[in-house]
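In what follows, subunit A forms one complex with subunit B and a second complex with subunit C.
This part shows the complex of A and B:
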């Protein structure tokens, strides 16, 4: 790592950074998928009994907690509290778990806002036409919700990738950790962290571009997605 | 299971740490709002080169994790002769990071003003500057309040990462208690509750502010 030019050094960093970036993408992808499932489940639970039962309150408390406290704190709690009871969980599992629990809270609110963006009149009209509740969901709500929440989900995916840098704190060998390891060996923090930053920028930029392209193919409803973005932006915590 | 005496002992320690978190977030909020508004003004000038600066700034700062920005500022910049203590480094990073989001909030709120209003005002003889100050600002800034409040909560959560560069705010304080006293439950409980309370407090204050400035 004592090569002369930046290009030489970059060649030396690259394997470590690529390995780290791969781990970042794996952790983030797992958290996004698990977070989506959790978010949908949380929304389902909270809609139980028209959103007035104890279940809805429990979900609201969960969402408020996970959106109101830093991911770093959630991660540290999940990492250290079990060990206080003699249970040692592997860092990678803790990382994916904490990120999924966190993203699930955000995604449940995105899905809730998407569901609210479908006008009530359409659902009533569909029911009058004789569609069963399942059919109303499948053919009336789902396609519109999917289009409406897409930009918000893409933005959440970008946040998850960025947030994944936090799991470097519990020694998961992702991109930020890779950067710290290189710096510990060569004491060139500026160029290494700038390179790490550029790598993150490439990943988040790619997700943004891919999301926009897919969104266009889905035939985005601009007004509905703007309504969703607004709602989740104002209702956080 | 929870040691109440220990909790009582930790309370003042966490109180001090919470004040440090609040100071850091306040500095980041003030700096971020100023920088965000300045960037928004650059974009509003409609000068291509300035708009490009806006675009590059918001894209780069929003596309890279806060932690990496913090590492560049705190560990990287000393290599070019810019050294800052942990508080200043965290406050500066929080300001520049937050500024990118605040700039986008201002942009979005400015876009909600109907073009017709601006054209009408210009027809009535108001200068571009008067239109900005008397037509656009009062409406767009009001609309931005809930979004700014939300972004403040996000900044407050990012501020926990200042613990990584050893600024003794809430998260670092909890870590210190854990490593010195070998207790886990009480400090982490207090830590989570402190942040949760701060979030709810910012949310509540923000709603009051939004109601006050509403037309």
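This part shows the complex of A and C:
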């Protein structure tokens, strides 16, 4: 603990910070994936009856609640409320649950914006060419929606990684908490928090790079899907 | 072991379930902090010593920020709180304290190179920090009022989420002093003797750290179990040995009964 040089101290920090970073990645990865599934499901429900039924209103209420209240409050409510009624959920489960419910609200809005980006005329044109609704979705809507929402989804994933820094309030020892634990024992905040910040930057940088690479591949997919469209059109005529 | 007429309370449940759920703010060296991924310190050592009387009971320890400790106890998220909680009137009205585990009397820490500040009254007209919601903050506020009543310039008080941020601002020169218990400051000054120095006079009344349980019949025997354990450790000299191990000095704490809080 009283190591003299920064390099010695860094070697002592790393195991704690790596353990914390692992926890951050687990929570964030689960929340991003579950949040996407939830977001897609919410969007599907809200489109029910052209978005005018009670289901659509329920989804709108859900989304405005989870986008309109702080994640910290959502975490604390999910952690302390059930135990007041005798239900004990493990902290890690509550952390993933709260972050998924929160990210799901944001991701459903991202997907909604993407869907709106496909002009109605294209869908009508595809139907006139004789494509079934499934084919319209698979070959016309999905590729364009995916390309339109991809940058926003990558930025949401980065947000989730950073937001996970507050799940320590319910006893999940992620990266930021690891840093605080070290500072509480050695009273050297500056270098510890700089190291923590650099570790976050590494993680979000990796997501950004992966997102850019996948986004580029999707751009190449555009030509491939155009080729498929041509083939379908030829087969039909 | 329990008689037929005796309905199972929290302590019985813990013994039969062989698990106690404990809330701890592991950010309070040397009382409780994390080293190599494990919660260690004076508190955990004392807890393990006492739990030897409940063989087979495993500890499930949650590390949460101090602001979540007492709410978590109230909502039954934890069975018991093993973190240093300063005994105050407000807290004693809502929760059941064990007998004291250590002295919590507040003192001030300053920058080592600040030669102008030599006694507590020197903070008049300066900026001083402490942790929001802490008993040490309350002691500081009372002390600042006392100084002002004596006709000295007002103390500007800043509140922080944790003491660590207050220490950082003190080192950065934004604060002249930080009010914290002398027991904690001893460790701060030992670890960073290059930066900090203690002003060796208490401010405010004598206070103590204790552990906390809920104030209901269900928890009464559990709180008594820990109180008795602390008192036994004090009699056998083990409490003083742990104090020497973690603080480097021993403290005079009354373990016969829970003292009435003055703060």
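By definition in this document, the second predicted complex is superposed on the first by the 219 of 237 C-alpha atoms of A that agree within 3 Å, B and C clash if a C-alpha of one lies under 4 Å from a C-alpha of the other, contacts with A are read in each partner's own complex, and residues count from 1 in each chain.
As a convention for this text, a contact is a pair of C-beta atoms (placed from the backbone, for glycine too) under 8 Å apart; a residue touches a chain by one contact, two chains touch by 3 or more.
All of these numbers come straight from a predicted model, not from anything done at the bench.
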Superposed partners subunit B and subunit C on subunit A - clash or fit: clash
Partner chain in contact with A:169 - subunit B first, subunit C second, else both or neither: both
First (subunit B), second (subunit C), both or neither touched by A:204: first
Winner by number of subunit A residues touched, once subunit B and subunit C are compared: B
Which of subunit B and subunit C A:189 touches, first, second, both or neither: both
Touching partner for A:71 - first (subunit B), second (subunit C), both, neither: first
First, second, both or neither for A:84, with subunit B first and subunit C second: both
When the two complexes are fitted on chain A, the stretch of subunit C hitting subunit B, from 166-174, 184-192, 202-210 or 238-246: 166-174
Contact residues common to both interfaces of subunit A (with subunit B and with subunit C): 76, 80-81, 83-84, 168-169, 180, 183, 188-190
In the complex, subunit C residues that touch subunit A: 26-29, 33-37, 62-65, 68, 71-72, 75-77, 162, 164-165, 167-168, 188, 191-192, 195-196
List of subunit A residues in touch with subunit C within their complex: 1-2, 15-16, 19, 76, 79-81, 83-84, 86, 88, 91, 168-171, 173, 177, 180-190
Subunit B - residues contacting subunit A, complex: 59-60, 63-69, 71-72, 75-80, 146-147, 150, 153-154, 157-161, 163-164, 171, 174-175, 178, 184-185, 188, 191-192, 195-196, 199-200, 202-203
Contact footprint of subunit B on subunit A as seen in their complex: 64-65, 67-74, 76-77, 80-81, 83-84, 158, 162-166, 168-169, 176, 179-180, 183, 188-191, 193-194, 196-197, 200-201, 204-205, 208, 233-234, 236-237
